[in-house]
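We just call them A, B and C in the order they show up, numbering each chain from 1.
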């Protein structure tokens, strides 16, 4: 919290060009509430007026804003990204306080790196490996044979089940569940038989997984989340799903079993993706869409019912139930009008 | 469980008018299964017949039911509300058993009120404050600098992260996550950089938040939930969202970042609300609607695809993909028929 | 892990017909990655080619595949079910290590069967009963008066609240919440009053409930999940809901209060079901459907907006807001064309 950097130090570390005094920065802020010692950024040129009224000590702006700005600032092509990096410098990730809390329960056959931190109430089962500088917070559960890399942050009350592999610098947010059983059932005359879920979950490096998100273990093969993927809160990743590198998905998404999602996709909130599909690299799906078929071309996809006042909706939605009939009536009209237009010759149908 | 009240005592405390014997009430029940000593209520006049067959000792009814009811009852304008209050008297919220369980882990720099109860396995970090008579149940996590008011009930396995502010009489249900990081990422050539989430979560008084609901901390500003709001289970409240006072939302709702929802709104189940919108006071959104634009007028809104048999749906939904074309064909027909109706003059198109 | 069976032993235990050598099987696998000692299965005849290339030691196939298969195999009518049973034999459910972990917190008034296993950090409150051979894993919470049958598996960080009844052989996955309060509020002039939730949750035998799924306690009556039901992850089951025996529902489903779902239904992912409805036995609802009315006939139902490219969607969805008007225009055209077709007689409208 007590960290501070001069503008020139930021430029040294992150690039960009400094203009104006080399002021000392102790925090980041939104333009409209920035106070002394804080730096803000302008990404949207339409909000330019905020630069004038802001009390920030310095700004991060695009080249186009620089000439008219007579206060200290850094010029860069992507102010939001620069701002993110500045914020990371001022607010680094928590540093592990090496050691196992006396109230943690670590099996004698677990391997915990010397520099790792295991919080109170955390449980680490036999055969689990916790990497260097990784933090396992309070009351988290790390199952048998789980392998967690270096510099990870496992938040409180998270459950990571048997055999999951988690790379380096991964963040698992609170109450997420990794490698619980997939939903596998076979109908047996008059009841469901459970299909044992024997695959693993493999999570790459630099992945972030949100609170209350569930990533199921594979049935026979593995569920895989590629390097750099960003998975928000309350997301269901079913068994055998594969998510490509650097794909990001907003909250409340559901992905059914065995679907493969490519790299660098962006999946909007509440998108639901059916099972056994493939979505190629570079696909954007807008929020609320039900993806019911494979997508083979990069691009932007959507499909959601537009909101209206309830009265309007009632009048309109009723016709959806009879759209097929309406289309047939239009076709019939087209035929009949053709007869009227050319009444003398018989038309073939 | 052993509490009991006479009808006249209820009237004294809650208002209403007593008719018939002043019987002793020891419990509440649904009309159809009420037993001796229990009180039931009738809100829906169409279910009036249940009054006759019910074995309840007494009833809570509207004025219109009173004359024809010769058994003990209380007359009030809102029987459901009265019933809720009666049930609160008979089943008061749990009372804190003051003290820190020996298996709780409370940092020496945390402040826990004398009358508060900290359950087994609960972890309270440095700088956290727990108010008078607040109960923190088993295995809950209260992060650094979290401030929780008086008379709150924090259920088991809940995670409340650094710096969250929670008012008085707030209920957080199990496995809810408050003030986890918002979903903030900036694209950096070939990967996502995490945007540190530096805002807080501020929750007012008398708020109830459901199980497995996630309320993310703000990015720079705060995520705010107003007094008296009711948030059901499995709801995502993204960073910088503001929810107005006494707004209620049913389960499985998602609210994307920076959206402001007004006061006294009612948001149905599974409603998904896009980011950076404003919804004014007094808006009702029906279940399953995707709210993709700002709502400036109070009223009832909806937008969901109506269910059909799968066969009917297949026939109808196919046309949705070509609705634009169908509309154009109708326009064309209108033009052509005009020509037929007025064949002698040329029509301008 | 070290279990092994011969094919003839499988046939003895599970039926079916053995063909070829009586090889020893030590594991199950997908056809394409099976290794020595592993058995695979073929359910889909179109994937028949995989039999040839597979390195599995033996196969489970339908009668139709047997003649052309010269490697060891078992013939059965339902290879997937047979495979599930084989996998259960090779990978039996974990066996309870009888005893209470020294770091568990079990109230002196709780009853834990001798053969049950209570994991570290688990909390079992007064009056709770844990049946024979049931495993309560790390940091799970079992509330007052909860009754859990025999041979159950309660995963880490799960919360089971006061008074819930859970049958035998039930699996509760991690971070599920059973018997939290239902969402009951009565409006009182200017704020919501909480309606105490006094019902219970009753869960039958052989039920499986997924990670981060929430099953609310009833308001006055009980929430009931029938024997053999399969409930996936991130599902909301509201107060007073009843789910029939052997009904299965995929992830991200929401069921609003007091709805009754019949037996042997299959509810697809992300289906949202409104409150106070009835769905009869044997109904299948496809993923993403909003069920807004009672279903009285078994069959397949759906209702979801089809995905398109965003450009196509924009053109088509716009017309949804004016579908009522479009339908009226078609009706008008039909009238006008009739006049043109029969110009001499006046038409009654």
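Annotations
Everything that follows uses one rule, which is that a contact is a pair of C-beta atoms (placed from the backbone, for glycine too) under 8 Å apart; a residue touches a chain by one contact, two chains touch by 3 or more.
Everything numeric in this text was worked out from a predicted model, so none of it was measured.
Different-residue interface: chain A and chain B share under half of the residue numbers found at their contact. Taking CA atoms, the transformation carrying chain A onto chain C includes a rotation by 120°, reported to the nearest 5. Between chain A and chain B the centroid-to-centroid distance comes to 25 Å (mean Cα coordinates, whole Å).
Within chain C, residues 103, 121, 139, 157, 175, 212, 234, 252, 304-306, 308, 317-318, 320, 323, 326, 330, 333, 337, 340 each touch two or more of the remaining chains.
Contact residues on chain A toward chain C in their complex (touch as defined above): 103, 105, 121, 123, 139, 141, 143, 157-159, 161, 175, 177, 180-181, 183-188, 190-196, 198, 212, 214, 216, 220-221, 234, 236, 238, 252, 254, 256, 272, 274, 285-286, 289-293, 299-306, 308, 312, 315-320, 323, 326, 329-330, 333, 336-337, 340. Residues of chain A touching chain B in their complex: 28-30, 33, 78, 80-81, 83-85, 87-88, 90-91, 101, 103, 119-121, 137-139, 155-157, 171, 173-175, 206, 208, 210-212, 228, 230, 232-234, 246, 248, 250-252, 269-270, 287-288, 304-311, 313-314, 317-318, 320-324, 326-327, 330, 333-334, 337, 340-341.
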